[in-house]
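Right after this note come the structures.
Okay, so chain A shows up in both of these, paired with chain B first and chain C after.
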Partner chain A sequence: MAAVIGTDLVTITINDVDIQVPKGELIVESVKRLGLEIPIFCYHPRMKPVGMCRMCLVEVGFKQPDGSVRKMPKPQAGCTLPASDGMVVFTDTEMVHKDRKGVLEFLLINHPLDCPICDRGGECPLQNNTVFYGPSTSRYIEIKRHLPKAFPLSKYVTLDLERCIQCGRCVRFTEEISGDSQLAFRFRGAQMQPSTFQLLDFESKFSGNVIEICPVGALTSAKYRFRARPWDLETKPSICLECSNGCNVWFDHRASKFVRINGRTNEAVNEEWTCDQGKFGHDWYNDPRRLIQPLIRAEAPELTESAGEAPQAFRPARWADAYDVIAPRFQSQGSRVGVLAGSKISNEGYFLLQKLVREQMKSNNLDHRWTNHLTPREARLEHKFGVNPRQFEIAEIESFSSILVFGGSLADDLPIVFLRVRKAWFQNGCKVVVASSQATDVDSFAHLSLIYRPGSEAALAAGLLHLLAPQTPGVARWTPEAIQEATGVPAAKLREAAEALRSPGMGIVTSHEMLNKPKGPDALEVLAGLAHQVGGRFSVFSCAGNDQGAADLGVLPDTVPGGARVESPGLDTRAILGAAAEGQLDALWLAGCNPFELWPDRDLVTRALENVPFLVVQDSLETEAMAYASVVLPMEAPAEQDGTYTNCEGRVQRLRKVIEAPGDAKEAWRTYQELSLRLHPQAPLFNPSEVLGEISAQVPGYPGPNHEGLLGEGVVVPELGSNPDFSGLESTLGRL
Partner chain B sequence: MRNPHGAELFCARTPAWAGRIVLKMAELKLLLEHAHESEFATLRGYVARGGYEGLKAALGMDRQGVIDQIKASGLRGRGGAGFPTWIKWNGIPKEKNGTHYILCNADEGEPGTFKDKQLMEQTPFELIEGMTIAAVATQGDVGYIYIRGEFLDAAKAMRRAIDEAYRDGYLGQNILGSGLNFDLHLHLGAGSYECGEESALMSSLMGERGMPRLKFPHAPLPTIAGLFDRPTVINNVETYCCAPYILKNGGEWYATLGAATKNSRGTKIFSVSGHVNRPGNIEIEFGTSLMELLEMSGGMQGGRLKACVPGGSSVPIINAEACEKAIIGYEEMGDVKTMVGSGGCMFLNDHTCIVKFIWRTALFYARESCGKCTPCREGTKWMLQILTRIVDGKGQPGDDQLLLEICKQIDGRSFCGLGDAAAWPVEAAIRVFPEEFDFYIKNGRSMVETPLMATMSPR
Partner chain C sequence: MSELLQIGAVNERPKPPRAEDLNLRFSDRAVAELEALKTHYPNWKACILPGLWIAQREYGGFLSGEAIAEVAHRLQRSYAEVEGVATFYSMYNTAHVPGKHKIEVCTCLTCQVCGAYPLWEHLKAKLGIGHGETTADGMFTLEEVECLNACDRAPLIQVGDQYIGPLDTAGVDRLLDELRGRSDSTVVQMADVVVQVHLREPERNPT
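Moving on to the complex of A and B:
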């Protein structure tokens, strides 16, 4: 920001109205307090002001001791001017209007008037400002510039150079927000144009945002280009489930067909950004391979049938028929059946799924996890050490004075968390130390990067514990020199990292990706202990869709909703697949998951699906697993149903139905409910709100259907563990 | 205080003739006194001719004393804006808590100006000493001289001089045994006029694109947060070169030079070019008349005086009549609606087509606009397009008025001074020579129809 915004107030006068604003607030923000608007192009509240476009020129004066106002000789840019006491601002004088007309006339000199075919037409700041503030005609009679109209910056972003008004928003985004610095201006004067360096590809994990912040139609989405006019689209709020961050998005659709995703503001989660995975990852809604009706195989799958073969043996069926086939195979089969779940089912779906499995199938063979380590209940942090594994929310990352990012690649696993970590560094000067077995995007701004040998993550964590909390029992042998030996991280670097992290405002950001590392669970234990010992905070974030919801709602073999123990735990993912492969399961249900993609051991998956006599595949899209299915159930996608989802920080957010599901696809929760009723007649739950009511009664912290937080930023489910006791850490350190 | 330049100059400075031209004034060489002696570009030769006495005097004073001397001298920035130098020096925080930078703007790009080039090539030690004095006054640790990339000879001369100064203890650690540490670096620009704007120069020096940065009141002054966000003094080459003489002879002595003017003190080097018999750098005292300057440069060549651009291409053009009245001084030039600027004085004879002259000027600014702000980026190009059309004989009625309107839309609206500098010459030319524009637009050809004109502007 141009000036540090303080807490003390100053009195300024805007158009003869006195108003108190924080000292140093930018005038462009101050006028909003009066309901006024200063037109802008280059200014963006989340980026440093630059004052390039000059659209926000206002007249400014200062009150003199005698009460008169002395105006500054030149108009001032409102987007860069910090408020100071006695400042007098005029936004509605003849000069201001003339200047606005002047700037717009200049901008329109070279901007083509191709609004009728422009993607931005209808939602274009330049169009809007021209209509509100611009001249009715142009005096420009020279030849307009001609430049490439559809220059592909990347597979997602297409640049129309003629339309660019050189506001620099995109350039600044890549420098200040995403940090990949992929864009820059080249040439100067009227020839100036945004570009990648040496015209290489625009390689960014957040490139989609520049399309949204572009105030004209210069940066357009390669996928949305020329597909619709904004006024033909219906826009509804949605939640992105492509990863676990739970970004708030606008889901634009037309005639019940998905068209595009735009970022929606939620200060607690994604501010207003999206990642490319989310912004461009929703095309599957329109995929021709969407499942639209239940399918039943004429006879049980032959062992000779190979994967990938078109499932011709299916016959379309009604839901009732499908239930009739499924019900006897699962009812009360106990340990002879298994259920595996994916990550895009709503909380309501997960809740009813585990209820169905536990109450009607009489089984605990139920899991949603696909990581290498499937930590049993007793070994999980909240139960082993009584420590909460999610000690801060995404937005709180900004307040840390130092951050340890541990394991994985943050920008890929948790893109929005990555942006917050970067913001903590960029805006607040937070020191970031990153530890990973490979180079990651965090390195570009990290104070230090500790690259350890794959498999030595737990040792590195122990090394940090040794330096930061040497009093911990059992940590003495992990001296920096021993760590250098074990991990390949130089002892001096480790010491420096420890110094950078030695502050009470320290935070440790890590993710479930650690559970794929050989010693990941041990590392998590040590890190949790480290945070506890030094008074810092620690969070291990889930990585996929609604994984957190599935865990909270007991889609686990050994835990029921709310976290209580199951008397006789069932099989976990690996064991279910193993049992199926050995022929020990009579029926397997794949709820919104494709084990071929999720489980690394492809051979085991193939054997499991081949050897299980009865397989239910419930999914939104055709998958490889369908080749083995006895029954296929079409499932509605998240935006096609009401439901709540829990993101990685434990924030429950509600998604209201946006579009109609194709064909006969059914919500997951309804499928489980209907099957459950067939197996055991009972009072039904009619809608997701009723299910949510049931959840909130059983799971501490989960909001009821009328919780007002669901209308806003969502409701964060509170802490699990409250009595940390790290006496067990010594044995962990002993076995590393 | 002893005046090294002889008593006859003192009588010329009596207030009695202030504002009137009674006596002819001659060239007054202060900075350029020894410029023609190649010895002067060596440390030994410089010291032998009284060099480094200013620094020694400064080292004998306290910091505020040095600034007071500069204040008493009335020295104003020689780069074009004429901002009082002492205010900049005084604005540096007195309580030091980190590096202070001393920056020299040697990116002399103003068309018609070439004084800094000569100063750096022939009197490099004046600049080094001047910057060292600034370092004394503001507790500077590191200095940078940002030299225009094309000035290779100047850069080489400066390099030699800096090396020599380091060798003999005039730069580096513990300068002259005083405990002062000051390092001086050279940086060559990459060919952008905009980088002569002080904040763009800092951007460029920091490795960013040469674009101007926010200024007060939108951002802290460079004296608080300049280069690398540290307190920074930035001055023109000529300004720094004045400092040794001020410290050597006292600020009050310096203030006697140019005492006839309202508020301009000392000497100013004018780079006289155009249609004169002896073009070159001429150092004169403030208060000299423009016509005397013309006389010193050997008078007009090839024709009568038609117009003059007295301070580099950015300043408004004036006609012969105004030239007669013009007295060189920051305020005095304002009386004839022009400026001292950087001292790039171009005299134009009556074979000059003003329309073509302005077209060429506009071409320069359109090419040099950095592109950051809308008015300058689009306005300079639009003006060039209109002027090109006029020069090509395709002018339309109202084009001159349109140009004036565009000037108004740029002037004061652009991000930095480049926009203003691009608008002023066009605005002034249409104001001062409206008939030439009228004629060109109406007839599709220049009002000046002489063979010499055709030679000068082949387009």
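Moving on to the complex of A and C:
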């Protein structure tokens, strides 16, 4: 609870029940311990209380020496009242009920009674509180306030000023949580309105949350407006895979069609927030370009031409036919085939994919990485230094006393990690130092921003290592002056940053985005060494969907599930594309990925797809790569299948099937299983749980299908490296 | 559920100005004053009110969006926050551009008893404008205000930082003539006085 200040316990009495609560806990929270409820509008457990709406009025008194209770003459706001010893709280007296009725009558004076056409109707705190605590009729016969309706604040958020009850939740969200301070109250009194500067565009990466926390229909989603009523929607828990944070969300759907995403509480991951990327990024579920059946390219153009069709057209096929075409092309082809994977496949899918490739295709040409640097196994941190590349969970960020955010733009790469870093600063006063080659959103609250010249990230990391751990061999030449020369960061600023970071509770937050930087892998090595030397902790988070799962489950040319070495490593992404372009591959399988979007070298991708004789495109949506495909396999989207996903911190979370997949689309894992069976008769795995069972047997730390953690906040795969040895760091420092 | 119902071209919403696009108009003197004021407070957020007074002076008596953006930029606060502060207080001119002189007529109880409304009607007739309006030549803005806390001098009129009263219609005519003869704007002059009040003696009139 955000409001708890100390751990001392005090005894208070709520409705004649004595209860011990932490000293200073807000009364509105304390009553929840007894299962009671105080109606609220402006209070939000994750934000500072302001006591603006007066809905939470309670009667409060204090025990007198003679045992009687002396009540305060006026009711008190429960959301701003900290518990103290001997406090007596009444939430159910006639006076409280009268107060609540009065407050609601006041709020409803200006609030239009347009619930039947309001998006919020059915899930509206004002509606609910009025039904439970409010007057049944209105005595107000005057003309209500009239203000603009349906004003588009941004392409996502629509503002209806008439409905606003001026609780300030949205304003406080942008100030306290997202930090962009895009909303503020303009004007005053009855004219007071939450809005952006001069009603200009609401530019925020987290604007969707204000829609969810608005207790009335004042802020509504432009994408959801008038699309459904809440009681017509079915909702199921889901996980967002638009980035690697693995946010828990509610997936609202109607007649098996996606309708909207709302945040779902998981204290360990996203608390209850979502980013706009995720909240408004699921429209593709309803895209008319969804693939609904396997397609096989007509082999003989002259035949199809005579039949009056376009040459080289696809013909719809049954799955069995598609497998028949695919199987001989891939069976035991060894190094003549390649497989590239995207980031939205479940762990089960990745596991069976690598199994299919290694056992049936006899190949190791398999990769899921699309970064510029495709670090080979022996150069990866866990194998080179024996150090775990993910040393803390997202929630642990709050406990750091100083944080170094290194490289990339955190709010874009890992939006929810960004919110945690900001929370660490906002609530705990953690000092944040950000190092990036450009201005980022972290700058707004950072103690210091180190803007380095692009390409000099490794030198900057070495400079910090020099100042914080001068005993490290090989770091002597990276003096602040040398760093100023190399990176453009002033020496004095670097010294100041090092002083800010110098504390045992230091955390280093960085991401796989570093692997796109020229000297990124070196910088990561130096940063890992820095954390090791100063006793801090270091995490390099993956950035895309289920990338972490793919890495753990061996969708890599040189690593099998569990991290063991492959005898003869295959080709990585760049080499697979290169080999395909040179005509050295006979067949290529694109599993849920579109290289045109993922790989920066478009020319190489075009040549690769043009020159590979047989191309399988397995995806949920039509993509550009389909133009080159020999066979197209429709794949189910994450919310259309059971499966587990591993987020950036290594947390395995289960996603239960929410909606039906369109047409003949098939889960990725089932596709690989069925093809495997055709290539090599074996005992099949019938469902994702069985696959997960097999994963947990092979990959240390992965939970089995019955692990109770999968029912709750997920299971974090424990540390990999436990025996750090940074003797190799000297050579890294030498070659920077 | 194919097409979204959207009102207006929301993808073409005007954007708030970028920091590099701002047309900063504070004079050197104003910048020096703001720098001095920043040292008076524990944080820059607390400096928003005096910062807005400087802007009101520098922008000729009216706090336009540009003026607010400049204050926000100089104090590293968000535009919305500073605009929220500016629009809350009635002495910041954010609603409409005031004339050279703002005539504020108190019509609360004491002034009313002592004859504020005849003055008010006289002013309206003479200037041809009503509450919150400005004469066509941009000389006068007329406002009816709540109690000015000077009942001993009722009926009372405030112009700039001056309280003038008790007044009769002849006195009002003399006042208007006098104001017409002034070359400077009392609106700007009042903003300057408020800024000077905030500053310490050595910080005033920095060179």
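By definition in this document, the second predicted complex is superposed on the first by the 719 of 736 C-alpha atoms of A that agree within 3 Å, B and C clash if a C-alpha of one lies under 4 Å from a C-alpha of the other, contacts with A are read in each partner's own complex, and residues count from 1 in each chain.
Throughout what follows, a residue touches a chain if its C-beta (ideal position, glycine included) is under 8 Å from a C-beta of that chain, and two chains touch if they have at least 3 such contacts.
On a predicted model such as this, the values are computed, not experimentally measured, just so you know.
In the overlay built on the shared chain, the residue A:110 is in contact with chain B alone; chain C does not reach it. Applying the stated contact rule after C-alpha superposition, one finds that A:54 touches chain B and leaves chain C untouched. In the overlay built on the shared chain, the residue A:365 is in contact with neither chain B nor chain C. By the touch criterion defined above, A:185 lies against chain B and chain C together after alignment on the C-alpha atoms of chain A.
Using the contact criterion defined above for the overlaid structures, shared-chain residue A:436 touches neither chain B nor chain C, since it reaches no partner. Looking at the shared chain after the overlay, A:533 reaches neither chain B nor chain C. Touch criterion not met for A:641: it reaches neither chain B nor chain C.
Counting the residues of chain A touched by each of chain B and chain C gives the higher count for B.
Applying the stated touch rule to the two superposed structures, the overlap between the chain B and chain C interfaces on chain A comprises residues 184-185, 187-188.
On the side of chain A, the complex with chain C involves touching residues 150, 152-155, 158, 175, 180-188, 195-198, 200-201, 203, 222-223, 225-227, 257, 259, 286, 288.
Chain C makes touch with chain A in their complex at residues 1-2, 4-8, 10-11, 13-16, 65, 68-69, 77-81, 83-84, 87-88. For chain A in complex with chain B, the touching residues are 2-3, 49-55, 57, 73-77, 80-82, 84, 99, 102-103, 105-107, 109-110, 139-142, 165-166, 184-185, 187-192. Note for the complex: chain B touches chain A at residues 192, 194, 209, 214, 217-219, 366-375, 377-382, 385-386, 389, 396, 402, 405, 408-409, 412-415.
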